[in-house]
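Here chain A shows up in two complexes: once beside chain B, once beside chain C.
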Partner chain A sequence: MKRTPFGGLILLVSMGLAMLGPIVTVILWAFAVKWRYPHLLPTEWGMKYWFAMLGRETVMTPVLTSLALTSIATTAAALICWPAAYAFARLKFPGRQLLLFSFIAAQAVPKFALFVSIAVIFLKLGLVGNFWGVVLVQMLSAVLFMIWIPTAAFRGIPPALEEAAFDLGASRLRVFLFITLPQAMPALAASYVLAFVSILFEVDSALLIGAPTITTMPLLLMTLSSKVIVQEAAVLCVMIWVPCFALMMLSRRFMTARGIAQGFGA
Partner chain B sequence: MLQIDAITKTYQGTPAVKDASFTVARGELVCLLGPSGCGKSTLLRIISGLTDCDSGSVKIEGVDMTATQANRRPTAMVFQSHALWSHMTVAQNVGFGLRVRGLPKAEIAAKTAAVLDLVGLGAFAKRLPAELSGGQAQRVALARCLVVEPKVLLMDEPFSALDAHLRKGLREELKALQGRLDLTTIFVTHDQEEAMELADRIVVMQGGRVEQVGPPGALYQNPSTLGVAQFIGAMNTCTTTVRQGVAEWYGLDLRMAMPDGEVALLCRPEDIYPDTMGAAARVTRVIDLGPVTKVNLMTEAGDLLTWTCPRDQAPDLGRVLTLLPRRLHAFRDGLRVGLAQSPLPAQTAGAPA
Partner chain C sequence: MSDVAKSSGGAAPGYALRTGLGPQALAGLALVAMPVGLLVTLTLWPTVRMVGATFSVDGHFSAERYFAFFNDAYTMANLRYTLEMGFVSAIAALSVSFGIALYLRFSAGRIATMIHGLSLFPLFVPSIIISYALVRFLGPNGLFQLMLEQVGFTQYRTPYLTPVGPFLAFVWENLPLPVLVLSAGLSQVSDHAVEAARDLGAKSPRILWEILLPQMRRSLLIAFALIFMGIIGAFTVPYMLGPPAPEMMSVFMQRTLGNLQDPASAQVQAVVLMVISSIVGGFYIATMVKSSAGAR
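This part shows the complex of A and B:
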């Protein structure tokens, strides 16, 4: 007979609670109408706050703005960074390592300070309070994921795979489209999702560059959280969480442990 | 068919291929043989166009291809790592070369199926490379090249990652297929047994240079350099000095008709025979290899000697034998200077007093 390790069970439950607890609480709050101490569960359920939030234009506009901003910024960053990552992986040019590390160096600077100095420049260019100004700044948040993970992924593809295709008559472009890109896809998908989520939750850029005309979802969340109605913040939380979770589940096929580990140079 | 002329390639100051020249006739299978790092793979890549050369030329059917990119050359290469594309099925892998040539789908499907049948993998078309064994994967890699009907098939140590048994089987399959399709093939290997078995001719490379080109038997019987002699097959090497037509071979003076000076005398283990007038050596080990017996001996001076003899002539351990060479290859400064057929000891009749 196999004994259930009691200590292990406790550890499992407490770890599960620690990981899922906050999410479950937020979800419960989002559907609670009345939830007072000392009840363990809400006493009155309903979608009341959902209808209230969805009906309010001050809520829906930032949500849509955020989704549009994030999609555009992530996709634009991918279009610029992925070919750059390929160059980092395959071409040998002077200062390659230095340039590659400069992306980490830039990431180590406190974002807020960075954005303040950018804001000064953008002010002159008329990009402050401008949708495209925010897109441009948010792309910065994607650079680390979009350069490092794909560079490692491209580097992990054996050159013989590309050479075999080239040798059989494919042009350089076709080799990239038919061989390199599909081979790197797991890591590229991982980098896209990670960048998407980090941009979606990014607060500083919208605060400094977008204000006052552009309000994003995280900004709204900050405003709501400082008010007393817990349910409103919870509803918004679930609203942000759902697309992110869906995206991560969708890309789960690509996001193998190997794919992500490769990204960090494993 | 294929002409390689004075190819030289230097990697960051280190020469990889030096002035390499040879030709390959239509339907011929030529092996590039040499130890690792001898430049044979680099030379193959230069022929394929995947690597460029510093000087020299590659001509296929008289057309200079030196400046042509790999994707425009009528060559196809099988890689050591098989290099199959893991995201495509076997059929998609094989059909790739036709797809980039813009052939209609039906024709691609028909040709792919035919070539897969040819390599005995007709039933594997829908599989992914990950679901294949090493031998099957290498056959798909071969099929992928055959389907584009290359004028020259290039193979870069295609079987060296496989186990010995499988390697032998694939070798025979390849030879049969190559003969049937009349494929002009260059096969790179570091395994001399593989080269001897496959090749119509072997190009032996060492240190980036072409040492000797010839049919397997000729290389074995008449190596033109010390390097080739020591690389292909086993040799007993004895470094000695010729004085007035006499050279000492393992303590025994032999008559050698060659000018005075230092010389390396090489003798194959099977070219030794027992003779009462021979050099004395004690049997230190007897190894029964099945078809032949290998006998290790040590001379009085402590030199080691190997003799392969028929099984029924195997001596007892510890016995002292007297041996003479049947064919003695002489090299000076690394180059062949002569071959002594059954040289006689200096003390026999007719020897100078």
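This part shows the complex of A and C:
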């Protein structure tokens, strides 16, 4: 099955076009001042639309709402899930396997359908269109990353070091803070980043639980994407996604085949 | 985190004896209580309640809403479209990733590394971003059309707002998982097996069919189930790229709930989708369990 480098080159070029072409188009639009058919590239470049977007309240309010919602939901999820992940990895308790499995099984439930069921309940409780209602539902989306990645990380830490510290008389808390936690830190940080980004761009919860009173950044993007001025949505995409992309690249070694499959429930 | 120390070290032995649980077990249960509670209140309870609600008409048990669902031509067209989209897109994503994984298995060097990197790129791109980007790339007068016209091709018909639009987006989004899983699987097929077959005169397609595919069967099935479940539940991609009709189930649900203000029907639609997803999910878990039992 030897292939000529030429075949590889053709595959590379077509892959490059298919995988990067759409994103490159958006980046071009974000910095285009004038791009009219049939020009292959913008004929006038600049940041004109960036300044216009940044100064507008209808743009900045949803962006700030999204950042606030996402920070609160992700942090709250971390506070309840990370200790649980430690327990799943290190402590023996009845029902441990079953409960861990329930987090997998929950991922098989189609999210949008689940949010419909929650929306009907929240409607009765007056939580639809409520900031904290959205936070609660978004926490659910974070659980996936916040249980699996940290549980695997805590499991992966060799217990020998912890045992040695115990033998020398260190308390459980001290061992946790100075031995276990530093080793788990990169995985915990990665789980935070992945949960944060996935919540930040989540449409489903914002649409079913937040709308119409709470407009988040993804909902704004949907509205802008049907507008005549193409640049506005493009600027918003680049402005929000590029920093997230950089953060995710730092966490990429936790996005392994097993990790992703587990995320889906393997 | 400090309650790890407190509750496990500090629980009175008498209490632990009375409940029959050691301090470690109590600490463990206490620590997992919150996320498990979240799962119970926001997944288990709403789902069970919703299933109950769909079978209750004026306070009586009745399946009439389901009869209405399965007898409505438009609803059935949407369900059928959703399942077909899931099936066709998942098969296409698997075929493309199998090709990529095969290439990666038998080549090395900078080109292979770059192809590998490109195939993982969708992991870093949220649905809403790629949906919007595909509108701009493949849409009318988009960059793709402009590029084709540069080389003299002027007959471009945009897939935007046709079923091909969401199909392409689903294939795009679902490359990374099978590429990772299949390349891991293919790397376990030894070079010796392939060379031995070739020495005996087997041609490449036959090696593929009789040596590589059988060993990949389980990985392919698992990847198919995961991708299929993801697609039939998707909202953003069909909402942004798909035709107004037929609708995929999530878009249909959103319109039924939001525009038509008909939560009763929306819940029936949600339950049907959940049942289909859980059948595929159950099959997937069975495959996992069977294979891990076989490995032991």
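The criterion applied here is as follows: the second predicted complex is superposed on the first by the 238 of 266 C-alpha atoms of A that agree within 3 Å, B and C clash if a C-alpha of one lies under 4 Å from a C-alpha of the other, contacts with A are read in each partner's own complex, and residues count from 1 in each chain.
As a working rule, contacts are C-beta pairs under 8 Å (C-beta built on N, C-alpha and C of every residue); 3 or more make two chains touch, one makes a residue touch a chain.
Please read these numbers as outputs of a predicted model, since none were measured by experiment.
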Chain C versus chain B on the shared chain A, clash or fit after superposition: fit
Chain touching more of chain A, residue-wise (chain B, chain C): C
Three-chain overlay, vertex chain A: chain B-chain C angle, C-alpha, nearest 10 degrees: 90
Partner chain(s) touched by A:Ile179 [first = chain B, second = chain C, both, neither]: first
Partner chain(s) touched by A:Gly169 [first = chain B, second = chain C, both, neither]: first
First, second, both or neither for A:Pro83, with chain B first and chain C second: second
First (chain B), second (chain C), both or neither touched by A:Ala160: first
After superposition on chain A, the shortest CA separation from chain B to chain C (Å): 9
Shared chain A contacts, counted only where both chain B and chain C touch the same residue: 171
Chain A - residues contacting chain C, complex: 1-3, 5, 8-9, 11-12, 15-16, 18-26, 28-29, 37-40, 80-84, 86-88, 91-96, 99, 102-103, 105-106, 108-114, 116-121, 123, 136-137, 139-140, 143, 146-147, 171-173, 176-177, 181, 197-198, 200-201, 203-204, 207-208, 211, 218, 221-222, 225, 230, 233-234, 237, 241, 244-245, 248-249, 252, 255-257, 260-261, 264-266
Chain B - residues contacting chain A, complex: 48-50, 69-72, 75-77, 79, 81, 83, 85-87, 96-97, 100-101, 141, 144-145, 148
Parts of chain C lying in touch with chain A, wherever the complex brings them together: 1-5, 8-9, 21, 24-29, 31-32, 34-36, 38-39, 42-43, 46-47, 49-50, 53, 100, 102-103, 106-107, 111-112, 114-115, 118-130, 132-138, 141-144, 146-147, 149-150, 172, 176-177, 180-181, 184, 194, 204, 207, 222, 226, 229-230, 232-236, 239-240, 249-250, 253-254, 257-258, 263, 266-267, 269-271, 273-274, 277-278, 281, 284-285, 288
Chain A to chain B touching residues, read off their complex: 158, 160-161, 163-171, 174, 178-179, 182-183, 185
